[in-house]
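A, B, C, D and E label the chains in the order they appear, each numbered from 1.
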Amino acid sequence: MTIADSIALILLLAGCAFYLAGTIGLLRFPDVYCRLHALAKADNTGLCLICVGLAILSADWQVAAILALVWLVGLLAATVSAHLIARHAHSAGRVPARSGPSRR
Amino acid sequence: MIGLALDLLIIVSLIGLAIQSINAASLFRGILHFVVLGLAMSLAWARLDAPDLAMAEAAIGAGVTGALMMIAYRRLIEIQPDQESSLRPPPSRLAVPIALAAGALVGVIGLAAIQAEPMPALAGTAVLENLGSTGLGNPITGVLLLFRGFDTLLEITVLLAALLSAQAVTRQVDLDQSLTTQDPDTPLVGALLAIVVPLTVLVSVHLLKAGGQETGGAFQAGAVLAACGVLLVLTGRLGASRQYSPLVNTGLLVGLLSFILIGLAPLLWGQPLLALPGLWAIYWIESAMMISIALTLVLLFAGAGSLKRRDHG
Amino acid sequence: MDSATLYVLAAAVLFGIGVHGLIVSAHLMRKLFAINIMGSSIFILLVATATPISGQADPIPQALVLTGIVIAVSATAFGLALMVRMSQETGKATLAVEDEPENDD
Amino acid sequence: MTTEALALIVFLPLLAAAGAVVLPTAWLGLSIRVGLMPLPLLLLIPTLEVLENGAYRIALAGHSAPLGIAWQLDPLSLLMLWLNVGMTLLISLHANCSFRPGQPHAHRFWPLWLLLFAGMNALLLSADLFNIYVTLELVTLTAIGLIALEGKPPALRAAMRYLLLALLASLLYLLGVGLIYGQTGVLDLYLLAERLAPGWLSVTAIALMIVGLLIKAAIFPLHAWLPAAHGNAPGPVSAILSAMVVKVSIYLIWRLWFWGVPEWDLDRAALLLGVLGGMAIVYGSLAALVQQRLKLIIAYSTVAQLGYLLLLFPLASTLAFQAASYHLLSHGMAKAAMFLAAANILRSLGTDRLRHLAGIDQRLPLDVFALALGGVSIMGLPPSGGFLAKWLFLEAAWSARAWSWLILIALGGLLAAAYLFRVLAVVCLHPRRRGNHRHLKRTPDTASLAAMLLAVGAIIAGFTSAPILDLVEAGLPPGLPR
Amino acid sequence: MMDQLMFWTPLLTVIVSALTGIVIFVAGERHALLRIILNLAAAIAKLLLVVMIGLLVRNGFTPEFRVSLVPGLDLVLRADALSMLFASLSAVLWLVTTVYAIAYLERSPNRARFFGFFSLCVAATMGISMAGNLLTFFIFYELLTLTTWPLVVHNGTATAIRAGGTYLRYTLSGGALFLVGLVWLYGISGPQAFVAGGTLADHAVDARLSLQIIFVLLTIGMGVKAALFPLHGWLPKAMVAPAPVSALLHAVAVVKAGAFGLIRLVEDVYGADLVADLGLDLPLLLIAAFTILYGSVQALRQVDLKKRLAFSTVSQVSYIILGIAIGGPVATVGGIVHLVHQGLMKIILFFCAGIFANLLGVKRIDQLDGIGRRMPWTSTSFTVGALGMIGLPPVAGFVSKWYLGAGAVEAGRTWVVAILVTSSVLNAAYFLPVLKRIWLHPPPDQWPHEARVSRLETGSLVGSAIVAAVLSLGVGLLAGHPLSPLNWVDSIVAGYFP
């Protein structure tokens, strides 16, 4: 296993970890806004890490470019859809859940 | 070993998703699970050494079907928000035994088919042998367009028939404005479209071109293009219309018509029926089919007879 | 146990789930899920049991399944349209008939 | 010439359907004519070819069988093609009244109608098991679209049930095709005979295909979808569905059985199919006896009459083949006539409930007459095509010393008489109140004419059987006993 | 030219009536005059045709029309002596009945349907008489069922519909058995052309049981229409039909078709010898004898005039079957000639019953008191018919009964004579009281339902009855004339017993 491979492996594992975190957030968070928060941020980071990991593994500029494109498109889609969903929820009158002891 | 673990993972999720899509508490969740099931299927195809199917499943099976189900669901809840509580489930005492028996039958058949002595797959072998002379690299495209082109011709006819049948049963009175989002347009959507639409067109053309040599083809490309159209419908750029539009209708049929006419033409110079006269014909037909498939799917989604441009924002 | 066998077994289970769903579901959308699941299981079966030709996958079953997928989508799309129309006419998206004898016109 | 003609027989209706979609409404009439009218003339060319040289085979795209798809036209498929073309044309004459271009559903009806027609022609020509699957789907989807066309709730429900069952049936068929490909490496029906050895897997494959086709053919006890679908569809659609569409499924079973696996020892399966057929005859007839609507009676009659087509399996002789083919032909014409006549009555009265039909023969004599003539053929009374079919069936049963089938066939005719005369008796009843039918709408003459032509055809079939029977005999698989 | 004539004429006799029926359907309800003219013209044309063919047959020709339905299965229409007997009876009576029916149905609805099927019914009867083989016979036999049903239900009342249902249940079930027997016989011996003496003798050894069963099946099939006990149930119920239909059903078309078929079956398919050899003659004889007595006893118990006549028919038709079942030339002559004689006599009776019912509303026997003074011509005709039925000379009935009795003695079945005598006594017992009421009782003050009808109408009705009466007197009186039915039958039977 070369150094590049190990770096790639670490990146991939890290990416998976981010995905895991995002998914747990999706399942556990109390309302739409929090879930979006978890998804949009954690998953995109995870995607980024995985793409970079794969690019290193492939060691090919062309593939790396396509992977970059994949990441960009994913980012774009996530951004816009998160925005739209939040916006729709807001205009539909969903109030963010206020749980925990911070506010009564 | 890892492969086998991956297979197991895919299979477990397939089964779990299938159960969930049928038994989920709400219909909406059922649809979600069904769409994800399509994605899992696509992974399964990849594992089964069928990249073309994986792509088709992702684009058509999961993507298009999912979108169609979502929009149908939306129309349903407009009529009756509570879809299921009033329904009485059919009597089902025998359901479990029947299901078990059916599953067991399929399992036994499948296992026997795997264990059966490998027969020389004559047709498949012939395809691989003859592929070289055609200039195509993807044997599946070869089968679909050259060797068994008539299947494909009829297949797009089936798609057309489904569209016509669907249009026949779609009530024309309440052709909806309601498809589009009620939210006021945001600049973000415009920005997204400005990037995504050219990109999807590019991708579908790439898929089309790739289909000749490697994974891809008219159906996958058409589905991707259809996704672009669905996006345009959803964001209000394209609207359902009742008016007859020669452009839309021509687009709808260009695939079938090209295929038929190019297929009939060889008869004029003594060649066999449907013997496509060269690679250009394949690419021409595939492009035309892509357009037709995309339009058909978009029309199915919009539940409309035709489309028109809408000025928006 | 190789992966083809695994997928064959998966197909069997999926088929059973589909059959069960087709029988017990009242809502038409779920019946359509069930039919599609059954279809997918058959498709898996056909591809998984195909014999490779000198190391390469047999293109014929895959081409057939590709055609099958498109046809399944076509039929599903039409089924959905039919379901929506039924629901518009009767208020419900189900086949379960409560008080309507077949003889009605 | 023959290849070109056959190509046009499939593609002309397809192109016409495309034309009906893409061209403006004003051109619809032209598309219809182009798609339908030249067909009988075109069909003459392959007919001459087949009569002269026997079966005709085309390798599509020039790739012969294991690699490509073939069309095969033999005497039997030629007969079926003629039936399909002839009946579609006559029924179109009727459809042109109820769906005249410009009327509400016309622009939806005709493209589907033409696609159905093209699909049927392609199906009858195809020699490839998977290609047949695709054509079956085309036929089914267009048929269901046509059933649901007018959007009445019973029709929609029937269409939905039909769709679900048809999809299920297609899956079974497809599974069978896949297994057969795995067993033989070929998909061509006519290559199976030498390649498909009887083992339990191949038997299962054939059985799956047959069960799928039996569902599509609405054979008892898989018939549940048919009466509602045929009873609630628009008239011309019911007519073509009952006359041709359900029957091609049985025709395909014949093909599988006698051409696909002729060497297999299938006596028990044949007996089972025969028993199913017998149960269909009895059940369908009894169910028809208690219906209150004319179209439902006719639809249940179809369930019953389809049963006869299965008697071919246990009898399995040249005579039985001739009988079954002739039954297919004469029942097709008679049933189409009856459905068209019923559609005219329904259109005039606004209902087809039996109790409203009293005295209707004075107002709609031609339609009632068509109904009665069709009924005579269905009952198998002379002189009619139905009688000759019944005679041949009885003769076949006698030659096989199959007394139970003989009794069943004789009984079937009586049951048919029972449910059909029930209708005619109501028609002959004097209306209780005068002016019962004051609000009668006039039926267009061509609509009645189409029904009458088909009915007369069913009767004339009782006199000119020899060419058709010879054709059937010429097309039989070798080795069938007399 | 001559060949063409020989080929087409038998078909033409069928076509004339069938075409008339179709034209009447097409013309519809409104063209009453056209219908009348057409009906009469066709009836006359047909009579002439039959006379012409009769002359041809007399001169030794056998016109034959043949067309193949299924390879090996021909539709054959052939005029032989027996055909011509039945054909001329039908042609004559059709003409008379047409005149009668036109007047009878003057004001009723649905006349187009009635006369259309009436003509088709006659076409079927012609086909039956000309049928050259058993299959052809069967085809027209079933056609007859089909075309008489609309006539039976013509009134459109619930009772009529029910009677029609009964009629169909009997005849179609019989037809189904007939068909089974036919196929079976076809399987054994091929197409059964009607040949004097039969064609089956060769098969009597190896297929004896089959032949016996087939004979039973075919006899049931024909016995239904011939109203043999216990298959007669439909006949009295069918009395709801209008009088011309009853006349036609009972005198000519339906019951005679059955009896005619039995003659063909016994004499021309099996042959009298084979029937005797198979041991089938005695059962047939017993059934016929029982039916004769049973019908008479039942007739005695009816108060409705038409019902009494119906049971009388049940009884009388069995004379024909009795004749052929006895065997031997003399009895056979008696049976076959009764086909004609009974037809003539029965049609008088039904005509008269119809006139009584239609003009005066008289339907029951106790209402007949003194009707002889009100309607002397009709009553006289009725009397002629009734006396003939009893078998008094010189009316036609006497001739046939005489032959039957003589034949029974000749064949050594003396007990049949006792049956004949008993039957005649019973006949007298149910007809003489009617005659007594007609002529000797005083008329009531008012008839149940007196109709106002035109003179022409009354004239046509009564005229038809008188013509029929004259005819039946004539064939009785002129029984010795070379052209009489009796001599005609003699020559037919000479073919059976060379």
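Just so it is clear, a contact is a pair of C-beta atoms (placed from the backbone, for glycine too) under 8 Å apart; a residue touches a chain by one contact, two chains touch by 3 or more.
Chain-to-protein mapping (UniProt): C = NADH-quinone oxidoreductase subunit K.
Remember, predicted model here, so these are calculated numbers, not experimental data.
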- Query: Going by the contact rule set out at the top, which chains touch both subunit A and subunit D?
  - Reply: B
- Message: Give me the step distance from subunit A to subunit E, shortest route via touching chains only.
- Response: 3
- Grouping of chains that still touch (sans subunit D): A, B, C | E
- From the Cα centroids, identify the chain that ends up most central relative to all protein Cα atoms. D
- Name whichever of C-D and A-B has more C-beta pairs touching across its two chains. C-D
- Taking each chain's centre as the mean of its Cα atoms, which chain lies farthest from subunit C? E
- Message: Please identify the chain with the largest separation between its CA centroid and the CA centroid of subunit B.
- Response: E
- Item | Rounded Å distance between subunit A and subunit C, as computed from the means of their C-alpha atoms | 33
- Using CA atom averages as chain centres, what separation in Å is found between subunit D and subunit E? 43
- Item | subunit B and subunit C, separation of their C-alpha mean positions in angstrom | 14
- Query: At which residue positions does subunit E touch at least two other chains?
  - Reply: none
- Item | Touching two or more other chains - residues of subunit C | 42, 45, 49-51, 60-61, 67, 71-72, 74-75, 78, 82-83, 85
- Query: Which subunit D residues reach two or more other chains?
  - Reply: 130, 134, 137, 141, 144-145, 148, 151, 156, 159, 175, 179, 181-182, 187
- Message: For this structure, enumerate the chain pairs that meet the touch criterion.
- Response: A-B, B-C, B-D, C-D, D-E
- Item | Complex interface listing, subunit C residues touching subunit D | 22, 28, 31, 35, 38-39, 42, 45-46, 49-51, 60-61, 64, 67-68, 71-72, 74-75, 78-79, 82-83, 85-86, 89-90, 95, 97, 100, 102-105
- Message: Applying the document's contact rule, which stretches of subunit D touch subunit B when the two form their complex?
- Response: 3-4, 7, 11, 14-15, 18, 21-22, 24-25, 58-63, 66-69, 105, 108-109, 111-112, 115, 118-119, 122, 128, 130-131, 134-135, 137-138, 141-142, 144-146, 148-149, 151, 156, 159, 175, 179, 181-187, 200-201, 204
- Task: Write out the stretch or stretches of subunit B touching subunit D in their complex.
- Result: 106, 109, 112-113, 116, 119-127, 130, 146-151, 154-155, 157-158, 160-162, 164-169, 171, 244, 246, 249-250, 252-253, 256-257, 260, 263-264, 267, 271-276
- Query: Touching subunit C in the complex: which residues of subunit D?
  - Reply: 130, 134, 137, 141, 144-145, 148, 151-154, 156-157, 159-161, 163-164, 167-168, 170-171, 174-175, 177-179, 181-182, 187, 227-228, 291-293, 296, 351-353
- Task: Enumerate the contact residues on subunit C facing subunit B in the complex.
- Result: 1, 3-21, 23-27, 29-30, 32-34, 36-37, 40-45, 47-51, 53, 56-63, 65-67, 69-78, 80-85, 87-88, 91-94, 96, 98
